[in-house]
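Note that chain A is present in both complexes that follow, paired respectively with chain B and with chain C.
Entry: the complex of A and B
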């Protein structure tokens, strides 16, 4: 009987196992193999180069810039998207009706194409566009938005925050909906101000949803590509270069399969370690607020 | 109970089978009639080029019962080069493909993925028949072989806003650096908000962008110096410094704009830009019909240092060609050469190509052959491109061309445009980095 149950269990999970093997296990093993070779996938011959690809990646200026820039994006993008998504959630939660309608409206940017958004931003920031013409002619303010490192990072961060704010707002909204009204009523009886209610009740009670959103947002910081590829090409002076840009350029433009695999593996380790550390920090904060 | 288990089993097996089928390579082998050699031709991912090759294959197949040519487009996701790379790795390469530049061709030939065409029967005759002896010379590989059959060669030209030049007192485009700087002087006096060269790409390190700024100027200043020969940097220092100093002079005079700007040349924010034949032929025709060749704009070879002859200036040629893959059988390679010979044995084919794509065929006689006269009468701007086919220098023949061109941008050109480095330092940094890359 037990034998039959096990067999059926394996059988039922076989589609997922097969999917996992084909799309996760084989590519990861293949990446490990490639990372230790100088193979370009075209030549019939290749050499095992040990850890040369990893050393080249670690000492490369562009890979180093991708490493640093990811944290720059994280520091700028995560607070912006958290603030925006929380605002969306609280505003919609406070509406008397049509909550679903507004939530869908805020969610729509998540479905928008990064390419199209980049083209629109490109038009808005154009030297001869209305914004810059106004700034130049009325305020004598002339700036090369995407050619100035900090402005370029800020613009890309805002674009991505705009895209994800509605999606994260949806998660936070469901978290807000789950907070018992009685807790707020008790706080009101105790004379708590709105500010105190927000920090002492809403934020701690929202912990599970905030935890999810924070981890998702940090994950996004490590996967930035389309906006940078379309708008800045990683410039100016590597200021917006990212892990995904490095992997794409080396894999698909320079056609260096081994080297790009090494970068991808380094990026995976950096991402995993970073998210693990942040997760532990959030969990520590959660435990201090009574969440085990 | 048994029924439910059977149903679950059926669903599981179906899902697994679907996954397996979905992941299969989709073997495209077809039943081939006995005695018929079937070859696969991958066309560029450009609708006009695909249509041209499909028409050619259809005609060829009608006339040849022993060869069947199948045409499909190279997948451009993520890039056409990466698609070819994947196909070779998966042993699914076609018999032949177009859209190959010299740099990628070098990678393919070094990897022994393509065959030297000059070793195939009929190639020399084909070169003579198509009147391309001079044009094909610059495509010869360092090992003396000819791996790519060039089909088109866009000698890139610089466009000048003739209407604005006339307002400044000039009737034609300046040809030397001093003449350009004179124009800049007058432009900034009359229109302080206009620029000579307004183009965000000048500050972008993306490798291919150097073809349309640095290499146009460098080829003109160096008489088409190879820049890299095999694994050796052979750049012309004097010409390189001339180019960098010229660009720096423009930057110092506030004549270069690298901010995001929409259609700067078309709207008159800038009066000088690189122009390929596809731009006036399609984009301007539809979007900016007021831009008329000879009236509002003109085309010219790149400006040269004052001590060079501008009429002999070389320029960068955005040129691509056809290769035949080594993985094909001898019969398939011979059939591919027969198809190639059939297509290019008649100037009418190049005329059809020109009409369909507006890409100048890589022939020495394009500007003089009567067969093309009617086309140039209809599109006079194309004559400027036809006349300069032999002056076009194709991309460098080096498998690391992307890395090298990224270095040119990151270490030198982008920094000069941003006013961050002296020309001497830029050249030194660039050469050191390129030599390090070539080791």
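Entry: the complex of A and C
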């Protein structure tokens, strides 16, 4: 049996504990305090304003857009990234050799910076960019991609799906390679179609890995910032505005630290509850199908 | 037999096509950084090349808005290495205590780590900024590094990995008179090379491409990280996309090289993390 070493335990965890107190516990308390003031981030003066910030936030059009958009991104981004990462995993799993090479290749987008991706996408989609030039020459029309609300949401979703597909694909691939070949052979002998094999064997056997990826992807859809900040600025007409954008803009552009803290508190509660509910729904879905 | 071979060939063709599609944005980026300026953002694949964008980037162009790109690159390196080192060190120390030591309050710390990990971090942004400002770390390297000195994920991953290392190694070392620090750094860490590679690469990448905090915590031009500098030049350099692409290559390529260099260890390490 290991002997008890109280001093050592606390000594080894002390750097983390110190950090946790300074950069976690204190900021939480502080942000509750700020949320009830009208402080502007600079002047030494501030007043307590009760729940005014929360009322202003709930009735603000841009906060409402951030709330709604989170679910738009969830509904659009999550299926895209699931389909893409599952494709990556299945394609690599079907190769007899060089699996590692392809996995590493597909992982590379994860190393990209959202700023750089935005630059590239902005270049490709601009009015004189290669895509619109192609569309004009061949089909004689062009699309104002980033100026069209639904297209902008779709583009940001695809950019983020592109970034994470290889990483999630790696997780799913590891799940796929754990499925015994005999099961597929038995299914083939029984005359199961590919479609049946996919839904009756691959998906159920892959459920634990799919669950992990789903949870990760949902987390990502609630924390979108860089691509939106860089590419669309939350527009057009608030179509791609997110919680992070809203908090950043109000605190550091409009210098409304109190108001922005209130938004952050609302965002945190909404995010936490939403993720909890979605998680339970996925678990329920898995149990109903008997996959767990 | 022949049918089988043909089948495999099709699979490789599909895999290669998909891979090219996925890395196309990188290809587009690199080609445009070398493209003749009349072709930038005009063709899917530029055909005429020049080094003008890089000359412009490093020597400053006719518009005389040259920016300290190299300086920003080193800022990024200092900040990313500093943060990543601290995240790993603090993570390793905490994980060792949580996995291999028995002490009063261990359960509490364990639960606290989990709570910290799943807590919505967006509440912390404004107070953390105020904290940094009040202790005089605003616009300094430490202000960029210290608030990013802990990764809950690193603690979590290391704790799980260390738990899988049998206690017999530790018992043996103790009999030889090794103390806890020696056990951690001489025995346990050398056994954790692959997981360390994975954690390092993930943390470094995340820190290297951070935008929000690096943008908030800094005011002066000399303190900008490369990612933030590119972000800020996005608009002003609108008329000069070539140098923007060159700067983006400067940001992207080193991290890809780093990753490819460690890719073998990375694959080994991922085997564990995915279990």
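Definition applied: the second predicted complex is superposed on the first by the 273 of 292 C-alpha atoms of A that agree within 3 Å, B and C clash if a C-alpha of one lies under 4 Å from a C-alpha of the other, contacts with A are read in each partner's own complex, and residues count from 1 in each chain.
Please note the rule applied: contacts are C-beta pairs under 8 Å (C-beta built on N, C-alpha and C of every residue); 3 or more make two chains touch, one makes a residue touch a chain.
Nothing here was measured: the structure is a model prediction, and the numbers come from that model.
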{"item": "Joint occupancy of chain A by chain B and chain C, clash or fit", "value": "clash"}
{"item": "Touched partner set for A:183, first chain B, second chain C, both or neither", "value": "neither"}
{"item": "Which superposed partner A:144 touches (first chain B, second chain C, both, neither)", "value": "first"}
{"item": "First, second, both or neither for A:248, with chain B first and chain C second", "value": "both"}
{"item": "Residue contacts on chain A - larger count, chain B or chain C", "value": "C"}
{"item": "Chain B versus chain C as contact partner of A:15, first or second or both or neither", "value": "both"}
{"item": "Which superposed partner A:128 touches (first chain B, second chain C, both, neither)", "value": "both"}
{"item": "Partner chain(s) touched by A:40 [first = chain B, second = chain C, both, neither]", "value": "first"}
{"item": "Selected from 5-13, 23-31, 41-49 or 59-67: the stretch of chain C that, after superposition, runs into chain B", "value": "59-67"}
{"item": "Shared chain A contacts, counted only where both chain B and chain C touch the same residue", "value": "8, 11-12, 15, 19, 22, 123, 126, 128-129, 248, 251-252, 257"}
{"item": "Of all residues in chain C, those that touch chain A in their complex", "value": "8, 11-12, 14-15, 18-19, 22-23, 25-26, 28-29, 32, 40-44, 89-91, 93-94, 96-98, 100-106, 109, 112-113, 116, 119-120, 122-131, 147, 149-150, 155, 167, 180, 205, 208-209, 211-212, 216, 227, 230-231, 234, 241, 244-245, 248, 251-252, 255-256, 259-260, 263, 266-267, 270-271, 274-275"}
{"item": "For the chain B and chain A complex, residues of the former touching the latter", "value": "5, 8-9, 12-13, 15-16, 19-20, 23, 78-79, 81-82, 85-86, 88-89, 107-108, 110-113, 198, 200, 203-207, 257-262, 264, 267, 269, 400, 402-403, 410, 414, 418"}
{"item": "Chain A residues touching chain C - in the complex, by the definition given at the top", "value": "2-13, 15-17, 19-20, 22-24, 26-28, 30-31, 34, 87-88, 91-92, 94-96, 100, 102-121, 123-124, 126, 128-130, 133-134, 162, 165-166, 170-171, 174-175, 209, 223, 225-226, 229-230, 243-244, 247-248, 251-252, 257, 260-261, 264-265, 267-268, 271-272"}
{"item": "Interface residues, chain A side, partner chain B - complex", "value": "8, 11-12, 14-15, 18-19, 22, 40-44, 122-123, 125-129, 132, 143-147, 232-238, 248, 251-255, 257"}
